[in-house]
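Take a look at the structures listed below.
Two complexes come next, and they have one chain in common, chain A, joined by chain B in the first and chain C in the second.
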Partner chain A sequence: MAAPPPSAAPLPPRPAGVGGWLASRWELVALVLLAAAPLCIPALGGALGGQVTTLFIYCILALALNVMVGYTGLVHLGIASFFGIGAYCLAILTVPMYPFRIGFLPAAVVAVLVTAGTGLALGAPTLRLRGDYLAIVTLGFGEVAKVTLRNLEQITGGMKGLNPVPPPGAGVTVAGLDLGKAFAIDPRWFYYLSLLSLAGVVLAMRRLETSRLGRALVAVREDELAAQAMGISATRVKLSAFAMSSAVAGLAGCLYAASLSTTADPNAYDFNRSIMVLCAVILGGLGSIPGTILGVAILVGFDTVLAPWADSWIQQMNINPSGSSALSFSGWRLAIFGLALVFVMRYRPEGLIPSRRLAAELHEEGP
Partner chain B sequence: MFFLQQCLIGLTNGALVALVALGYTMVYGIIGLINFAHGDLIMLGACLALTLVGALGIAAGGGAATWAGVAALVLLCGLFCGGLNVAVDRIVYKPLRNAPKLAPLVSAIGVSFIFMNAGLFWLGPADRSFPDLVPSTNLLAHDGLQFTLKDLLVVLVVVPLMVGLSLLVRTTRLGKAMRAVSQDPVAAALVGVDVDRVIAATFFIGGFLGGAASVIYGLYINTIGFQMGFQNGLYAFTAAVLGGIGSIPGAVLGGLVIGLVRALSSAYVGERWTGAIVFAILIVILVFRPEGLLGRRTREKV
Partner chain C sequence: MSDSRSPAVPGPSGSPLLDVDRITVRFGGLVAVSDLDLDVPEGTIVSLIGPNGAGKTTAFNCVSGIYAPSGGSVRFRGKRLERALTPGTILKALAVGLLTGLLFAAAAVDVDRMWMAVVKRGMITGEPFTLAGAVERLRGYFRSELAIDQMAGKWRVVSSDGADVLAIKRDLAEARLVRDALQAKVTARRIDPGTVPDPTDLGPSDEPQAAGVTLPPVKEEVLDRLAAGKSRIRFRGWSGLALGLILGTAGTLAVWQRGRRSPHVVARAGISRTFQNIRLFSNMSVLENVLVGLDRTIPGGVLAMLLRTPANVRGEAAARKKALEALGFVGLAGDANRIAGQLPYGDQRRLEIARALATGARLILLDEPAAGMNPSETADLASLIERIRDSGVTVLLIEHHMNVVMRVSDRVAVLDHGTKIAEGTPAEVRRDEKVIEAYLGGGE
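Let's look at the complex of A and B:
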């Protein structure tokens, strides 16, 4: 047999010393810049602010998926259903048509607990399944969740969704400022709320990576049997991954529903969204926090910046007078994403900003 | 009588599902890949069938000309889908044979996107109606019970294909090689089986069956669209898993069961819950009997 591959040696998740300090400093710089941006860029007080908020929310969702796919190596194809369950939980607990109306913060806490519980309930019976079967179970769960949300019209409002979801702090007045009104009028409030949540999630993920549980997740990904032989309970570790991932996805769902002030219709939480989030994580780099965020930025950027720009350029150049979709840039969206997935898997399976551990594992030859 | 009618509808639909499920189960059995692109491959087959109906000018009505035309469609679409499947295997999956399992799975999702985009250009964004070549004349001399010419068409195409497939796998040299590769590719290669050729043959056969299914789908359901692949693929995959993935009789049995479940739940619970019920069954089967109805239990190898 060949010598053990280099990944067998434990790699620190981040280079110690100067390198690690620099990495965290860059994150701090990014945070400060993003926090200062609304004060310098007036456009963030308008529609752009809402778009950037959505970007942050998708980053949180992608980081949630990263816990499953990146750290633990469990393919999850139904992350959007947890996103949706979070959104609907928040909505049910806050919209005026229900008697609960408990306000954003308590509702968000409940929603996160509910999604974590749902994740556990899905995870517990399915853990013994092999990787690709688990992928199918999560996919099936996503479809069941979507159909259920759509059909339980008395509870979820069917295709209309639930609205209006009141903004956080509705009716609360701090120092003469009505928070609910502030959130409703100025998108920068949601910008800061989601930025703060994203920063919190990134921090938690960083802590997770170096924690005992985080290393156990990676150990289970690299070799479940070996990890068990070393005394790690694969069941507990995988269940924790399920719960954490679902909870964070639920948090993203809460922010999403609150920032749109509606849950949108159940099709917003379908397989397409799950797969787009998965694309982002894979493209950016499995198991890598900056990679995941970059992946989301690329995908959202493609849809909201590049595609409209290219389409209007094509229109200006008058290349496509008949308006056929084959000659418009956005008509190629699916093919471009598909090709990106195929090429990334073929030539750079570790993604654009790889996690060092995973890069070593993915380039290892063997059965 | 109503129940019997629903069962009949279910079995006919199930035969169609089974044909698609075979494509999943054969590929999974031989290289352990959930071929996400299979449903979209069938969608492309249906696109070609629609184009060919116009190009060849196949007459409707149910006469000899129609049947010859349908046979030509099945053959051409089968060859197209089979060839496309082999090409995708060569270009996309083959370089990833030794990579971790995530890589081919994600690539298959990518291929399914590319196919879907191709179908979008081919058909346009809206659903298209497929010409009703075979009329739905009732063949039973009974008012309450219907078994139409269309149902007969499904049976006439599906049953010979399945019989042919099981003969191929059971009796021919290629079939023996396929069984050997699915058990242990390395050992098969050691005794002189050309593993790559066997895998290509498997992809071709799976694709051919899918192509045939796409023609039947068009003629039977009469509506095709670029997004039909995803849902139909999932139903068929559920059937493959239900029957025991990797098992050919299992895929047929699973397909028939899924067809029955769909027909009965549409009739008694409501059309809109059908999807949820099928996938709930999938989850329950995977949780309690992951080897399926007819599959063998395999142990994880160290």
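Let's look at the complex of A and C:
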């Protein structure tokens, strides 16, 4: 350079965008607390353990969606279909009904690859679409995938779904412990498996955020043309987002099918589930990892943990002897859900824990 | 900002760095730029001036690949900036076509029944699942051969898709014999499907395999349908494959053709730009903005990023260093961690320049960089532009501030209503009567 820089650039104190190597401090604390929880709370060995496991799985699914909606700004209304494809892939490769029976880990790897490929196949022809149009395409894909899963009766078992999906490690014995049996008996095994997967996904997302691809995703969201003028191939970047998002959703699907030991029927992977996850991501904060997790904890936690608990409490207290639905908690579930969403969006449009980037976008400050 | 860039040697050299050759841009009936010729020699600063709406930014958009000119060509270092049609492109299109074709074919041959025939039937007869067995059953499905499956403890002879049940037997061996006998009949019919079925064909004594088994009565129509099954399923499969192959390949090539001269191809070839209305990634930090410009210098794909391979980590560190250098070059070193959108206006313009320089461009297009700046900022900008030129990067400039243009430019081209009306050194252009007329209005 002919003209030297005016002054040696001082290294900034907080390197923006290049975060820690592993995770933020809060995430580590949360991980340690969650890992210790089953040792302190015996209820986690019962039904609650299963419910929390479901929460973790939904967290993974929401983080997958966050790659598309949060980072890249592509509205995706069909994430549940990838969840379903992952679940069915795992089931086909492991159920005793079919001759493959390759075990959880290899099957999960194949399922993740298949969902990533499906994501690419959906993304490639729709790359030029933005906003509403892409939303419609993904919505349509979700419905097509659901109906396909239902109608391929010979392969997917139709409305019956595929079952029983064997637990991970079925038939594997480590130090005299039959892993498959352990998974089947004690929900804490699944609790730890999904917590570990969630931690892995969070770590991957952290690294994505601070990497070249993560910056490119955000750049394409902010201004696609400018990003292209900087030599970034928007096509490639969006396809990567599609593939990553689908792959992680597929992983969540694998865990889901294995933890329920069935794929459930295809309606479990319908539009409602996609919307629920999308709501969780928006409520928590688009593009924010802790926000997404919090959003899932609130929305899905409300649905799967709090609502049944409140119902059983009402029953125990004998408040509602006639069984009127007006006095049961589940009767009000959706109303509370909707109201909460309305209020959060009114007073905190950037979400509960907004990402640094989006907070600025929604509360514009003049220069 | 790479160190390898040698200081430019302005002067006569073969072809110009950028050669805009008679480009014309039409939007519907409106001609925004017509027959524009412009040469930008390496190591110079060339300005493009003209009244508002003269087509300057349109010309920029053509050079940077945002618009495709309706006529004429843009050459950079003697080459058209387009993705070349390589064998790889065609192979990729064919691969996509093949995948689409397989998908179509799967739908056409009823993948659901195929699955049943290939995977489930093997399980039913209790054979261990082998690849060879699966392939055999797959071929059987495509030959539309009769098969055996089980229901309620009895063995059934069924058509390959399971739609027709021809016989039910208690004993597997007997069922096999019946299957073979019936298959022989169906195959015999296949040999000449045009012949009118003869009732004597049905006699069991005609079939050597049928000795000892009583064949169930099978209707003529069913046998005909079974005999036609093979050509039907093959026709479906092949036509699905062909249709998908054509659609997939053609679609991929069409998309490729449309993206052939996309801005990122131009940027990667070494032309970078800033925008008239600033287009920063305003919610990213200043440093991140510049890092986006350095995107290509960091090695590694998705896996390398997730695993943080040493090469990737080194690349990121080197990119940060270069980004800070670029920020220092434009005088924003202290603002690396601020949100880009919160910078003052003039700083945003300079950040855009830093981002464009970071791409390692040989030619940088500056679209009204001094717009909205005060006089002292404008003077700083002029010296920044000169420093850019001195660092070896050629500059093509659109500007309305005449003091900047007259101070820094080696050559000036004047556009009016899409046509070039004058070109020369600043001093020549200043005296040109057409230019004066364009700016001040004709005195008729």
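Of note:
Assume the second predicted complex is superposed on the first by the 295 of 367 C-alpha atoms of A that agree within 3 Å, B and C clash if a C-alpha of one lies under 4 Å from a C-alpha of the other, contacts with A are read in each partner's own complex, and residues count from 1 in each chain.
Criterion: a residue touches a chain if its C-beta (ideal position, glycine included) is under 8 Å from a C-beta of that chain, and two chains touch if they have at least 3 such contacts.
In this text the structure is predicted, and so the values were computed from the model without any measurement.
In the overlay built on the shared chain, the residue A:Phe337 is in contact with chain B alone; chain C does not reach it. Looking at the shared chain after the overlay, A:Asn151 reaches both chain B and chain C.
Residue contacts after overlaying the shared chain place A:Met244 against chain C, while chain B stays out of touching range. Applying the stated contact rule after C-alpha superposition, one finds that A:Gln51 touches neither chain B nor chain C. In the superposition on chain A, A:Ser328 makes contact with neither chain B nor chain C. Counting residues of chain A touched by each partner, chain B versus chain C, the larger count belongs to C. In the superposition on chain A, A:Asn267 makes contact with neither chain B nor chain C.
Using the contact criterion defined above for the overlaid structures, shared-chain residue A:Leu225 touches chain B and also reaches chain C. When the shared chain is aligned, chain C comes close enough to touch A:Arg215, but chain B does not. Chain A uses residues 125, 151, 225, 361, 365, 367 to touch chain B in one structure and chain C in the other. Residues of chain B touching chain A in their complex: 32, 34, 92, 95-96, 98-107, 109-118, 120-121, 124-125, 230, 234, 237-238, 241, 272-273, 275-276, 279-280, 282-283, 286-287, 290, 300, 302. The touching residues of chain C, when paired with chain A in their complex, are 1, 3, 5, 7, 64, 66, 96, 99, 111-113, 115-116, 119-120, 122-123, 128-129, 251, 255, 259, 262-264, 266-268, 272-273, 275, 279-285, 287-288, 291-293, 295-296, 298, 300, 302, 305-306, 308, 312, 315-316, 319-320, 324-325, 327-329, 331, 333-334, 336-337, 339, 341-345, 348, 355-356, 359, 387, 390-392.
Looking at the complex, you find that chain A touches chain C at residues 1-3, 5-18, 21, 97-100, 121, 124-125, 127, 151-155, 204, 207-208, 211-216, 218-219, 222-223, 225-235, 240, 243-244, 357-358, 360-361, 364-365, 367.
Of all residues in chain A, only 69, 73, 75, 125-126, 128-133, 135-137, 139-141, 143-144, 147-148, 150-151, 225, 271, 275, 278, 282, 325-326, 331-335, 337-342, 344-346, 349, 361-362, 365-367 touch chain B in the complex they form.
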